[in-house]
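Below you'll find the structure I mean.
For reference, chains read A, B, C and D in written order, and residue numbers begin at 1 within each chain.
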């Protein structure tokens, strides 16, 4: 860390901070600039150190040097992680595509749709059995019955099941039926849930919180990795900004950034990322061009009859077009699909 | 709702949407504007209706008319709610002040500090036993031992205990020791937790998520209220924006806005809201001037030795000054403290 | 517009608003919902009408129905606009590429670089002669001398010159040398400048303000169009958000959105949009995949010696790679480059 | 500056950066941390230096140490600046209040209103003669006629005139009639305008751009100060965020922050800052409690008939209440009004 003292800091205050740096187990090195003194604290930065140095009297600011995540970092593991779950594979040359409805509505719906999606080239099936809904008056999902419908859809289609788990005590049940445990954007910093998913050892799809920085996103992944579960996929699904023509703002520069900093696969969800069905196909193509390892797309036979998220859901016919175009883009960036 | 059709919408598409509105149990009324047709859907809007109308062909946009929350609304309950928990009271003429360290560190620390804070006029004691930390490598709290230390501090000081609960299955344990269950900003949309806190019947302090809109904030409160627990306090603690001179942006206009729309008490946390100890006192005063019913402030005997959040923590001496100044502002807005 | 009355609005207040709507030349239609009265105001919405209705007593909110821009809209002009300036063409099947340094530094620099860029397939040359700099102590550009250097580079390379104009009284001078007048993000709502560029009749490159909504962006274009100048290109260059791993957040969903709403060509600037040279190539490819009509990229022979924006500038060698990859993506979306 | 090298940086890359730091006239000091090498560059940081160091090979990031503004800084001028313009005074013990309509509509309107406002304790009169409007179809102001009406209002009321100037070539004309030249939020980084206002020597009211950081805001002030004009007031008027219940988000922590970093007076505009008349009074009080030196408030005899900004405008009756309450808050923070 770099402790920047105020120009008016006294020698006593400087000495106090030097001692404080030593107390933290770091080695202080004092630099006398033209306008102020700077103390470089050499050694391993640990979380919370910045917070204990900042309140020191005479301190102007404290700058961290090292990234706060370790296991998610390419510094620790330079080779890319490939997450596999049944037919689904994310992080290799092939681009994985997870498609399906927002909510599982009935067995016939999900089985029929899964068969269509598999034919069109999807490798994973999404569908919510436990639904985190903004309003308590919205449909909350079919819960365990929904999980059983998903399992039936896997049997019929061969697709890997990706479904959300909302609380630590649901993890065992969801893990019994699903191939990938999804942690939703609203739960990205639900640490008890992250730990429970980590303990399960199951492949995890971690969605970026809508106001999470890259450091916070990778530290959330770190919670899962730290429990000994290396099967983590990162999913960019859009952030909250002032923009009002889309439901969220989909910032695709996070894709090459995450792939530079981390070895984990990066998936993009253009459905939540835009909230508008018409914008899903172009943003899906853009995601692949930006280097994404996979897509997660909401598809429903009849979006007007979908119990949730109809506005951002495309039909199987549009999904077929999307796949055809996505294949061309994948080829253009030396990937397959 | 108002369904706005595109200028090029066909009569078939318009007829289809009229039928869809009827299917939802609403009464359609068709308005022929100069440039497009608009269908007003008269009746009770329910969550999800906008989403099912938006994908309709020929639809440009769908505008909701009613607020999505009911029980949190002043339309349903015009008189103000006063939440009481031991000595703490929020929502009446008196302004409640909850103070204390970020984390409970030891029994002697928390008991000693609680006695000081009670003398200075605080009515509640904050302190984390379960700590949601961005990094898995940070101190995670003393857990049940921390709760016992808080209970000892209540016995010694008379202050009401406000402490965070992070998972549904922790609710019974935390409820045994605490007077108020705090739901942290990162868990504002952890719906299973909201329901568990609702079921507990205990007073709840619901912190605004850092990217939550007012509708989302009030709908999160609705999850607790809907379980039959009316003792909900709303806490503004700052939002994520592009500003980088503070840790978060503290948007105080939410205080009068929430008090206009809802009957629930509104508390402000200037410590998390700014992240800088020097900015806490002026923003605490501003919060009261804006109409806040209470404050939540981080205080520690020695912020440089605090295990967490030192940067935004003030000393008891500064807290004493803050209370003196806060009293003057409270008087100026016809409140007491 | 839709005027939503409060549930407690009196009949007098409703009558008053009905009269106010009539006064505005609109035809009021009253809808009695289950919980409140809504007044639909039929007729042409003009700017400012919402503002005069909102302060009415008993009014809860006023919702606009129509888009505020006209000439920029595809409703008025469904066919796409193609902007031509010398060799540069934006809005047709071919994707235009504008490349060059942030600032014009010397004649030899800009001439040499322009020749290289033209060989690699660029069709326009960017380079600042008048530089809007955050600090008054930064290099402010070579001004008219810089314009002359750009003109020399055009003579040598055949590229069209795109350069920024910062004030209305600079428009005639810049228009004498340049092929395209650029309006910078910080000046997107400098209305006197927009009008002066409109009056010049010259092709204009309008950069999106870093906190501009789509409506504001298209209304800024409207200022130019309204002066009888149809040669307007829209440039997405990133917005201000909480993200701190990039200089701005580049929200590519604006590309298909703008192309749906407007007939004007849409260009993307991945250099300002990310602020990091390493992220420029993947985001350039993503922009084309999302449907962009053109790119604007900062290139410098030696970014470490650039007088400005070195961090986001790529070398000619990297630009050559980018062009090769961009060609493949262009083909995959049935465009040429 | 602190140049942080990547862990895999070679000795050649490190040597290259050391030489580059020397080339910039700074003195390099090399620190060997446990995981990477850091080069501290001792000496005066100048704008643009970070940008030239960042593209260096092997460089991970470059951290600036010093604030980029000088003349606006309290390091250079610790004593507070008091700006005086006729009866208006900002920065002393007394809180200045500028009130008036969004637009000057007619002489009788502005003169009548000015007399009322002066009686109620305002010291400045606001009112737009040149109006920056989002849409070209909105009322653009009465221009020079409007300035004459303002001058008449000054003669009748004794209030100082504060009015916006939109382009460099309007400065002489506006300076002839006005006491304070206002630079609007959309023009905060219109550098030619800032310089022209600097050259005029007239008191300036600089409004914060809606996505400006504190550094950018103070650097914009620096443009005026650097021209030898010390009479600069800073005005916080709200920022663009995801919040949609207010027109902008009014972040009052900027008030104590700016007063800590700068000697310039800080004014708050709760009208633009909220966009809702009902929220103006509580936020005006909060601004004073937070330490603001002045207020700028939109007042109109009949907001429903205002040609612009009616939604955020209060009546003289509400302004009278606001002043009474503001006086009590001012007293509570040892200020007068």
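We take it that contacts are C-beta pairs under 8 Å (C-beta built on N, C-alpha and C of every residue); 3 or more make two chains touch, one makes a residue touch a chain.
Model, not experiment: these values are computed from the prediction.
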item	value
Option reproducing the contacts of A-C, where over half of them reappear, out of C-D, A-B or B-D	B-D
Centroid comparison with subunit B (C-alpha atoms), farthest chain	C
Chain pair with more C-beta contacts, B-D versus A-D	B-D
Centre distance in Å when subunit A and subunit B are each reduced to the mean of their C-alpha atoms	25
Whole-Å gap separating subunit A and subunit D, where each centre is the average of the chain's CA atoms	38
Rounded Å distance, subunit B centre to subunit D centre (Cα mean)	31
Multi-partner residues of subunit D (at least 2 other chains)	211, 239-242, 244
Subunit B residues touching subunit C - in the complex, by the definition given at the top	2, 4, 7, 29, 31-36, 38, 40, 42-44, 63, 65-66, 75, 240-242, 244
Subunit B-facing residues of subunit A, complex	20, 46-48, 50-56, 68-69, 132-139, 166-170, 186-187, 189-193, 209-211, 215-216, 219, 222-223, 226, 239-240, 277, 303-311, 313
Sites on subunit D touched by subunit B in the complex	211, 213-214, 239, 241-246, 249-257, 260, 273-274, 276, 278-279, 282-283, 285-291, 325, 328-329, 331-333
